[in-house]
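This is the structure, below, for whatever I ask next.
Chain lettering (A, B, C, D and E) follows the sequence in which the chains are written, and residue indices restart at 1 in each chain.
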Amino acid sequence: MTALKLEGVNKSFGPVHVLKDINLTVEEGEFVVFVGPSGCGKSTLLRVIAGLEDASCGTIAIGGDVVNAVPPAKRGIAMVFQSYALYPHLSVKDNMGLGLKQEGQPKSVVQERVSKAIKMLDLDDYATRKPAELSGGQRQRVAIGRAIVRDPKLFLFDEPLSNLDAALRMNTRVEIAELHRTLSASMIYVTHDQIEAMTLADKIVVLRDGRIEQIGTPMELYNNPANRFVASFLGSPSMNFLVRSVPDLPPGQTMGIRPEHLRLSDAGPISGRVTHVERLGGDTNLLVRTPQDETLTVRVFGQDPSEVGDVVHLTFAPQQVFHFNEAQERIF
Amino acid sequence: QQAELTIESWRNDDLAIWQDKIIPAFEAQHPDISVRFTPSAPAEYNAVLNSKLDAGSAGDIITCRPFDASLALFEAGRLADLSDLEGMSNFSDVAKSGWSTDDGSATYCVPMASVIHGFIYNKDAFEEVGVAVPQTEEEFFAVLEAFKEDGNYIPMAMGTNDQWEAATMGYNNIGPNYWKGEEGRMALIAGEQKLTDEGWVAPFRQLAKWGAYLGDGFEAQTYPDSQNIFTLGRAAIYPAGSWEISGFNALADFEMGAFHPPVQNAGDTCYISDHTDIGIGMNAATENPEAAMTFLNWVASSEFSNIFANSLPGFFPLSKADVALEDPLAQEFISWRGKCESSIRSTYQILSRGTPNLENETWNASVAVIKGDESPEDAAQRLQDGLALWYTPQQ
Amino acid sequence: MTTARRISGTTIAAHAVLMTYTVIALFPVFVILINSFKTRRAIFRDPLGLPNEETFSLIGYQTVFRQGDFVLYFQNSMIVTVVSLTLILLFGAMAAFALAEYRFKGNTLMGLYLALGIMIPIRIGTVAILEMMVSTGLVNTLVALILVYTAQGLPLAVFILSEFMRGVSDDLKNAGRMDGLSEYQIFWRLVLPLVRPAMATVAVFNMIPIWNDLWFPLILAPAEEVKTLTLGSQVFIGQFVTDWNAVLSALSMAILPVMVLYVIFSRQLIRGITSGAVK
Amino acid sequence: MPAPSKPKTRWHIAVFLAPAVLVYTAVMIYPLFNTLRLALYAEVDQQRIWVGLQNFQTLFGDAIWSEQFWNALGNNAWFFLIHMLVQNPIGIALAALLSSPRLRFSAFYRSAIFIPTILSFVIVGFAWKLILSPIWGIAPGMLDAIGLKFLYQPWLGKEEYALTTLSLVSVWQYVGIPMMLIYAALLSIPDEILEAGECDGITGMSAFWKIKLPLILPSIGIISVLTFVANFNAFDLIYAAQGALAGPDFSTDILGTFMYRTFFGFQLQLGDPHMGSAIASAMFGIILIGVCTYLFGIQRRLRNYQF
Amino acid sequence: MTALKLEGVNKSFGPVHVLKDINLTVEEGEFVVFVGPSGCGKSTLLRVIAGLEDASCGTIAIGGDVVNAVPPAKRGIAMVFQSYALYPHLSVKDNMGLGLKQEGQPKSVVQERVSKAIKMLDLDDYATRKPAELSGGQRQRVAIGRAIVRDPKLFLFDEPLSNLDAALRMNTRVEIAELHRTLSASMIYVTHDQIEAMTLADKIVVLRDGRIEQIGTPMELYNNPANRFVASFLGSPSMNFLVRSVPDLPPGQTMGIRPEHLRLSDAGPISGRVTHVERLGGDTNLLVRTPQDETLTVRVFGQDPSEVGDVVHLTFAPQQVFHFNEAQERIF
């Protein structure tokens, strides 16, 4: 059964057309990630699904039922907000339990489900604290806990990790992935961060300007981007696009190649001077400027001895190269 | 069946007297009527009363300001016509004039009390400085000068901060001697005299000389300040209204005397302001007209006059019945009724009906003259011009 | 040791200025208080002198308690003030929430409409108000006063509270909606607790005019049973004679309860300000 | 098949607005406009008759009325000016001092300075009249003590000083309000901006002028407009101190006292609700113009900064 | 000449001892990065150097002069704040120029230095805008510009990039590195993000709990951590620590190995089951659970076909292994 089905969803704020003909299916248990530049409509789409905004037209079906006219709390969904949106005046326990109490669940059920979530999220020591007394990561977990206890058919996450620092982000990412496996619930997850997108998603939806650009598994998108926008959006450091530095490129075309697919060698079709070296320990990024004045990023596994100023030659396998036409569509 | 009457009044000061003396006396005779006296803040009384009457929430019995304020209420049908009240026969036409229509055809409030103007003085101070009670204007200023020279006493306790003292205890206190009481007042109303005539300018001339004998900074001295200065024994003479008597009796610990406004030349007829000040009427919309009438009749009786006059020495009953006053100072004041010609304040009847308001203008002019900001002639001219603007007989 | 951020000199100057102003602010209050414990003679002989054996007197306080039921007046004032404040805060917050939270036709217009009231002195509407109270039989009840003060306080309350409510995070309200809270519960359980500092501000602004008002008690509720403290104190201000001892005593006592209310609210206010909840 | 979601009637909006709108309309707007309406009528022979704008013609055209009106308006403007020039700067200065970091006793100062604001006009009027009185010697005595006796004047009784003196008393009473609001605004300026200033060498006074003041301008704007509204509606203090005739010689007469005197009458002067309403309408107009000038002319230039 | 010399610096807030005996030298032109967990005192140390806080004891010398009693503006430093702390009411130009004007520099000098900075930072089109009208990245550059115009001996940066999104962070990081090269000024830079630390630093200072744990170049710290804390702090994904899964490990010792040094092979000393796969496109992280119930991260370059549930064997080169004793000190 499909967890969510959007058909022809449009949304306008007055004259601003924010979502344009969105069609999307989320299967039971699937983890779907929305990515796209800021302002492209990710949050709005999520809010339309949650019922916090009404779609201007189109149907939204959750678990097979059209829910356009159903209020948020009755849609069988749970949402985790970027700012966590914890109730500042309630304890961790009460934050989690409020929705259940509101539904009229008996006290014992509330108690039980909250304790279960608290245990699952390792929050035992903090159950009676107020949000202000928690660290960012802990607040994050409370927000997730609040979603879990409602036992929803569909989880919605709006950039849940963007307020955390790098180390915490990594840990929590893994926790969310584990949670997804444990609960085997369907999840929709909005993020800016493409590492999160790649590592968490069963399916990534790339949005631009209120329109869906491409849908696919992370590796599909990574290996088969439909256009230059998708290609540049995924992968870090992002794909190199070359026009002048590649011999024999037909005019109007752009060649794309990922940094890790460029290899240093004694000779190669592209050469250039190293302008900057980033040594990350596990790998090394070289910024190389070609004589045609284009800058390339080269990613080398391990610790590379190259220094700024070195002249390097780069080779690549032809099958790892993408070509885009003038309309930025992928040709091959 | 019990009727309850509520009295509207501005006389906060009298609350205790009404509660302890007047009302019990009435209720003893009329057990079926109970009375409540509910005074409001004096300064707000007119506004409050008008609002309540307009909205229909005012009490049954209404204490009446004299002249126009009550006349307007009567004309608007707020006050009942009391011309036929039995007790009205106890009052002279002059007494009733404060609460009668201009033609005297209807009377709508029972006259309750009048106040007399004059000067109260500190007897100890007079002895100490060795001056006698002045009879003439000349002696009056000689006394003031003596106190000024002596320096231990402020010659005269009055300020101009609150403005009304200058007009009421100044202009209208000494004025009747110059404009010859009722004669001048009626002539003014008839348009036969003008405020620029000598009789009306002369009081200003005298006021202009007062400034020198008032305390330092009298411009900012308030009415209560003046009261305090005098009762604390720091001033010699206090231009007064008789209403001060009971308060001063309670506060001053020296002996006080009183003299009426000095005449210009020895032997002249003296005139005093014996102003009808408080009346009492009936709300036309009252639900207990009979009880109210009963009460008003009692107010018109000599019994009430006796209680009232002796509880509030200085508020003199207006009824024809004889009242024995116990307070010596009050006796002094009331004795002038025999010696001098009585009159009422010049601005109260008819002349303050338009804009600009003659009474308010007189306050302003009296203050300006005392402070020396305006010459007596200019002040009089200003008043005359203002009056002529709307008062046809003066045009 | 020497420090880069030398502040002691400026700090002393700051204390000096603040101290001076504090003295200026408190001096008149001090004058009132000490004089309320003196005889009338002493008040005017030496208004600055502290009460001593000779001048000390409780006559004012005695008069106040003898004359009229001051405990009752006090209670009436308290009821009127507290109930009016509660209604102002409640109704004002509700309206402010509607204006701040929802986009609907006429939102701006409604905001302007609710603000009109601060621009006209309500006193001139006295007769119409009194007529209304008479026809509804509310004259001489505390309800009449409460209604007037509530209406009078609403414009400013709506104005201030809606500003603050715009600052409450949308996510939080949406989280409530997801949890099944109705709009009423969102208002009551989420938004109200978060705008407490603003509520305190509104309360402080409205408390004083209500407590000190003379006009409406005089007109709407002059009866003995419903007299307020301010109106009750007027008994001592006569047409010609004012009982200064009693006035000073009554007024000194009337300061206390507002002080207490102020302290209660200002704690909320400052806590709100310093915790950064206020922008 | 794009199904347009049916627009729901959002009853809760009505429910939220209803109590406030009902009470406010019934007890405030209806009586007020019912009264302002009287400005278009006059009473002739106990009959209320429609006279259109004639009352306004009288108010502005008749020398007696217009002179009083302009006098009151001018005094009111001066009253407002003093508040703007004295109350608000003092409030800002006190708030600036109070908000300096690590200042001890600041809670005490804050409360003490706010105390006058919670006093009734009766107390304020009495206390200041007592203090300033030439008779009882507090102000003259204190000036004498510092050798400045010659500066003493019976301020409340002199035309040239009375209004200014009362304005200053009012400033004394209300300075707590701008102080509190500015204090809140100052505290909300992030420390980092001030520290950035410190690194730039902007400390002490220049930090105030160059950083804090521009950042609290929107608050100052709001305070100014609140002061404006409050001042042009002011009445009680003047009335408590100088009475309805606002002496000496109308030198402290402001629109509020002028309106009161006309509307409700005073002493022998009978109340004239029609002229009174005309004055009230004029006041309303003036305040509305002031507020609109602020909203559309000034406020949009004052940027509200998000920190 | 040394740009900065700290000797025995301590700082307490009341009873809380936040900085403990800090000794540190920053050479002319050096780029020093402070890293450490949240609350370890990085910001406090920076603020002590800047003069925004007074040290409780110890001396601070900038460019050879002891500056303990010198106010911040006179120390010849410039600071860039995490929140940028731009003056919201001033235009970009005025934001940069205010400090110079305050110093009393003539108008022309101010003008000239500001324009130079604006050009250098590519802000020409925004010179008259207010901060609110700029994007995050542009604000960041203005904050840096404000520091540059003061021509300081020492730049201090407190997590300057943490408010930027991932893509912008990468770009700005490169810009800062370039700036450092161009200006050849000394810089101290606080960050949470170890990629920033690794790529920017000449020298990294690792702080823990107010104490300096280790100082060295990024590669020194990466390859030669003094203790387990430093080892775990640098590198992403972070180092694996094993106790039970390694045969022949003396009791009490811990073995550390970096994820990229583990290699999948048909047989190896460690084996386990894959519990999670993170496919980042350019490389793949496998989480492997050993039979001894320890979890390892394995980083594979490129796209690895392993699936959750696979059993894998891991080998490593012995010289890439670290050993720690019970006190968490590195032994070899």
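In this text, contacts are C-beta pairs under 8 Å (C-beta built on N, C-alpha and C of every residue); 3 or more make two chains touch, one makes a residue touch a chain.
All figures in this text were calculated on a predicted structure; none of them were measured in a lab.
Chains that touch both chain B and chain D: C.
The interface with the largest number of contacting C-beta pairs joins chains C-D. Seen from the C-alpha centroid of chain E, the farthest chain centroid is that of B. With centres taken as mean Cα positions, chain E sits 91 Å from chain B.
Centre-to-centre separation between chain A and chain D, using Cα means, comes to 55 Å.
Each chain gets one centre point, the mean of its Cα atoms, and the points for chain C and chain D are 16 Å apart. One simple way to say how far apart two chains are is to compare their mean CA positions; for chain A and chain E this gives 25 Å.
Contact of a single residue of chain C with at least two other chains is seen at positions 44, 126-127, 214, 237. Of all residues in chain D, those touching 2 or more other chains are 135-136, 260, 307, listed in ascending order.
Taken in their complex, chain D has these residues touching chain C: 10, 12-13, 15-17, 19-21, 23-24, 26-32, 34-36, 90, 93-94, 97-98, 100, 102-103, 105, 107-124, 126-128, 130-131, 135-138, 141, 172, 175, 177, 180, 183-184, 187-188, 204, 229, 233, 235, 256, 259-260, 263, 273, 276-277, 280, 283-284, 287-288, 291, 307.
In the complex of the two chains, the chain C residues touching chain B come out as 40-41, 44-45, 67, 126-127, 130-131, 133-134, 139-140, 214-215, 218-219, 222-224, 234-242, 244. On chain C, the positions that touch chain A within their shared complex are 169, 171-172, 174-181, 185, 189-190, 193-194.
For chain B in complex with chain D, the touching residues are 43, 46-47, 50-51, 67-69, 72, 75-77, 159-164, 215-222, 225, 228-229, 347-348, 352-353, 355-360, 363-364, 367-368, 371, 373, 386, 389. Interface of chain A with chain C (complex): residues 47, 50-52, 71-74, 77-79, 81-89, 98-99, 102-103, 146, 150.
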